[in-house]
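Same chain, two partners: chain A is paired with chain B first, then with chain C.
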Partner chain A sequence: MKNRADLIIYWGGNPAECHPRHFTKYTIMQKGRFIPNGRKGRTMVLVDIRETPSAKAADVFLQVRPGKDFEVLTALRAVVKGQRVDAAAVADTGLSLDQLTDLANRMKACRFGVLFFGMGLSMTRGKHMNSAAALTLAAELNAFTKFVAMPMRGHGNVTGADVIMRYTTAFPFGVNLSRGYPRFNPGEFSTIDLLVRGDNDATLVLGADPGATMPQPAIRHLSQTPTIVLDPKVTHTSRLAKVHITTAATGITAPGTVYRMDEIPLPLKPPLVGPYPTDEDVMRRIREAAERKAHIAA
Partner chain B sequence: MLRIRGGKVYDPKNGVDGVVKDVCISGGNVVTDVDGGRVIDGTGLVVFPGGVDVHTHVAGAALNFARGLIPEQHRNAHPIVRDHIRRAGIVGATPTTFATGYVYAGMGWTTVNEAAVPVLSAKHTHEELRDTPMVDKTCCVLMANNEILLDLIEAGDHERVKHVLAWHVWAAKAYGVKAVNPGGVEAWKFGGDAKKLLEPVPGYKTLTPADIVSGMARACDELRLPHAVHLHCNNLGAPGNVSTTLDTMKALEGHRAHMAHLQYHAYGGDDWLTFRSESAKIAEAFNASPNLTCDAGAVLFGTTVTITADGPWQHLLYQLTGKKWGNLDVENETGCGVVPYVYKEKNIVNAVQWAVGLELLLLIDDPWRVSLTTDHPNGAPFWRYPEILHLLMNADFRKEQIARLPEKARSRIILDQLTREYTLGEVAVISSAGPARALGLEHKGHLGVGADADVAVYHAEKDVTKMFSHPRYVIKGGEVVVEEGELRQVVEGSVTAVKPAYDPEVEEFLRQLFQQYYTMSFDNYPVTPDRVHGLQVNELN
Partner chain C sequence: MNLTVVKNATCTFCGCVCDDIELHADGTRITETKGACILGQSWFKNHTAEHLYPDALIDGKEATVDEAVEAAADILHAAHLPVVYGLSNTTCEAQREAVHLAEVVGGVIDSHTSL
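Our next item is the complex of A and B:
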């Protein structure tokens, strides 16, 4: 990407504010082996429902009507394949057929294209369908040129959690181990669904702040049942938890590994020493204590 | 201390071919004799050195990407239910890490070589290997599409090629060097491929895939790496690729090489309609080249997922099947593709592939130079190896299976003409002693004094699939881990890495180029020894 991408598309994301180092470190600002002129050698397109600060960095900004991403992606796939597209139907998405045709041409003409899709695409109406459409579009573009698609993830080490869940349970999230083996059913076993339905008796929260982002019924369930939070700082969730264990901040006072969004792991070396135990430490001690208790009970 | 008394022992490295004798174990090694300790009655049982897999994909970013792509397969796969010794998991085409260890050891295999590790994500591979118990591990670092290395080969700077290779092997805590579709993956980053061995790689002035192959093979030899260059030839899976494979053998100019999953490189025909077996030509050239070893990369009918660093091939497969396709490019080193796949008996191409794997295993006359693999999970999951042994040991069974193939497929293969049947001694070679020798692992694949005490004890029976799927006992590092066909104990495995000697100056040379081309800081790039669980270092001078 750094060395080759001459077309960079951000869809439903605001990297200027959410991933501030993305532009300078990985994409548009970098000089690459095959992009010797850096920014001048690349075209940046931003697709979003509003004009965020990222639009300033874009060569082309396309404003889509909220909830119309799937329609735009589908029309775009058709334009790329040279199929006939109804201009009136396109107009309903907030974009014109000319804008789509221009984008399709840029996509087919580039040497190496990248499509980053953010939570504005994967977490709004259509969710999985939107992500699938974005990935399919990128796959189909490989009939014309080299094209890749990549999700821009949320805060924290979400990618790392996803990676480890996959190699230990075969599934990325929404895993239920209550039968002694992993079962996967997003929409049924995902955290948010369990909490909203009130299926779980207790919750352990590690490196996340669901109290800040989840819907009211989920937050209510968290506050009415035993919730334990491991976090270096006070969060919305820690305020409503029964127990808050203060842990060392990974990367500041604790070592660890974070996964980049492209699943490359980076080791963290803590510059400071702190008084608090690491998350790993606390989890191990909880497990050992539970085992001792089980032993005594038996 | 442990004694396996009176079993029929197959230990090809030490010239033991079905001799009734005792095997004695103490302190994790095979010893001449023990006084006391546990005794296992081996009467009527067959004793093998533990299986060694020379080429498999059990850990790493690409495999883990595949796991995420096939939830529908996992749902139908065999689950592992958590109990007092085992962690939960899923088996299927891409078993989870703990499951991988349980299942390999559960069929008597105790050493695996993970065949494709990009340096950039080697840390991740080692994280997965750490959670893969029961087996000892090695891995090969992917180099043939590393841009810094390719520039040096093109410039003819052979001395530095050697140092750069050596540095990368140690940086990745790898054991050997893997070359995948030399030059082709690099070209794929711009959507191209390198199909002709003697034509320049797109984007380079003079550098050809042949230059890369011979340059790397020579460097591995001169560095005296215990395992030869691990070579995945150009043009994998394509009709008519037999000529590329034969050209590659020539390009090696007598240097050692291990040719991975040879089945995928032994095809004739001009297109998919005329696709046919060319295993006879490949086997003939291979038999005449004592510098080469290979593994079969055999295919079995059924559902799996294909995953390889060969991006162009995967894209072709996607176009052929119209199924899911995932592609990863790993910065300046390599890339990979993932496609779920079903090999069908009634599909002519698949039927030919099935036959070619078996033909090569039967036509290569020295079993020491051909190892049993399916390029797991590409040709079939590794836990189906016993089915291949069944086909190799029983010509009548083979005939029955051939009869089920479409008429057209039968005219494109020669399997029906091959009457050879593998003996138990030969099975011990292709599944243990041979791959251990190809890898240069001196303590593996045999039961001589000083060998690692990895032993599989089978109950001899007509149903070969059953026999090799469910050993009576498995001993790993001297511990009895399987008893009466059940997992009784979970043990950790080691990771052996090679540390070749290199000029420290090469580090400064790489640092400068690295900071120009990569997005990671150079000091974060190597895997530090503390991150590798059970690390054993083989230091070369």
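Our next item is the complex of A and C:
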């Protein structure tokens, strides 16, 4: 990316405020082996529903009507393939057919394109379908040039969770192990859907605070069923939980490994020694205790 | 007071995971974060080595870690469909343990990715 990407697209994300060093450390500002002129050698496109501070950094800003990302992506895929697209249908998305054609031409003409997609795409109307459309678009562009897509990860080591679950269960998230083998179905086995439907009867929360971020029906289910929280602080979720265990803070008092969003594993170098056990230690102890109970029951 | 300087420290606040931060710590708190962005600064300075929170809570009352571990295992063992969720702000080593735990208790394992 640093060495080759001459077209960088951010879709539904605001790196200037949410990933402040993304531009300078990884993408547009870097001079790369095949991009010797740095910023001048790259084109940046921003697609979003509003003009965020990231728009200042962009060469092209495309403002999509809220909830129309899937339609834009689908029309764009058709334009890329040279299929006939109805201009009136495109206008409903907030963009014109000319804008889409220009973007499609840039995508096909670049040497190496990257599509970063943020939560403005993956967490709004369409959700998993939007992410799938973005990934399909990037895959199809490989008929013309080299193109990749990558989610802009918000939270520290969420990429590590994808990697670990992939190599242990073959699926990246929302894996149901209740039958003794892994089953994957986003929308069915994803936490928020389980909680809102009230399908699960206990929750262990590690390295997250759904009590502060999830919709009300999900939070209500967390408080009505037994919830266990491991966190360096007493969080919103801890307050509605049955059990809270304070653990060492990742990278500050706890050592270990974390993945960068491009799946490079990095070691942590904690500068402090704290009084609390690590997440790893507490999780292992809970698992060992659960194994003992299962053994006695059998 | 012992000043610790950690070069090329890794920041885990956002998905960028910058690994070129220089941290100065005095044994209790981080006093300087060279190279960190505004989000990274507040992340590093927001945590200390002090004992600010109880080791564990059960039904809001202070408990030992041993008691809380037992209570957690009881809950997960008794549940028909437990969910292990989150996994963002933690290490890969803990994530591996989380997958193992979900397998042992026959539950769902899920991260922020599904949001």
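Criterion: the second predicted complex is superposed on the first by the 286 of 298 C-alpha atoms of A that agree within 3 Å, B and C clash if a C-alpha of one lies under 4 Å from a C-alpha of the other, contacts with A are read in each partner's own complex, and residues count from 1 in each chain.
Operating definition for what follows: a contact is a pair of C-beta atoms (placed from the backbone, for glycine too) under 8 Å apart; a residue touches a chain by one contact, two chains touch by 3 or more.
Treat the numbers as computed from the prediction; the structure is a model and nothing was measured.
Asker: Once chain A of both complexes is superposed, is A:163 in touch with chain B (first), chain C (second), both, or neither?
Answerer: both
Asker: Once chain A of both complexes is superposed, is A:112 in touch with chain B (first), chain C (second), both, or neither?
Answerer: First partner only, chain B.
Asker: On the A-aligned overlay, A:265 touches which partner chain: chain B = first, chain C = second, or both, or neither?
Answerer: In the superposition, A:265 touches chain B and chain C alike.
Asker: Could you say whether A:172 touches chain B, chain C, both of them, or neither, answering first, second, both or neither?
Answerer: Both: A:172 reaches chain B and chain C.
Asker: In the overlay, answer first, second, both or neither for which of chain B and chain C A:142 touches.
Answerer: first
Asker: See if chain A has more residues touched by chain B or by chain C, and give me that chain.
Answerer: C
Asker: With both complexes overlaid on chain A, does A:251 touch chain B (first), chain C (second), both or neither?
Answerer: A:251 sits against chain C, while chain B stays out of touch.
Asker: For A:180, using the defined touch cut-off, is the partner it touches chain B, chain C, both, or neither? Pick first, second, both or neither.
Answerer: A:180 sits against chain B and chain C alike.
Asker: Which parts of chain A are in contact with chain B and also with chain C?
Answerer: In the superposed arrangement, which is not itself an observed complex, chain A uses residues 25-26, 162-164, 168-169, 172, 177, 179-180, 257, 259, 264-267 for both chain B and chain C.
Asker: In their shared complex, at which residues does chain B touch chain A?
Answerer: Result: residues 59, 61, 64-65, 67-68, 71, 74-75, 77, 79-83, 87-90, 92, 94, 96-98, 120-121, 123-124, 127-128, 131, 147, 188-191, 315, 318-319, 325, 327-332, 516-520, 524, 528, 531 of chain B touch chain A.
Asker: Under the touch definition given earlier, write down the residues of chain A that touch chain C in their complex.
Answerer: Touching chain C from chain A are residues 18-22, 25-26, 119, 122-123, 151-165, 168-169, 172-180, 186, 189-192, 194-195, 199-208, 210, 226, 228, 230, 232-234, 238-239, 241-246, 249-261, 264-269, 271-280, 282-287, 289-294, 297.
Asker: With touch defined as at the start, can you tell me which chain C residues reach chain A in the complex?
Answerer: Touch list, chain C to chain A: 4, 6, 8-19, 23-25, 27-30, 37-39, 44, 47-51, 53-60, 65, 68-115.
Asker: Considering only the defined contacts, which chain A positions touch chain B in the complex?
Answerer: Against chain B, chain A makes touches at 1-4, 25-26, 30, 32-33, 111-112, 139, 142-143, 145-146, 148, 162-164, 166-172, 177, 179-182, 184, 257, 259, 262-267.
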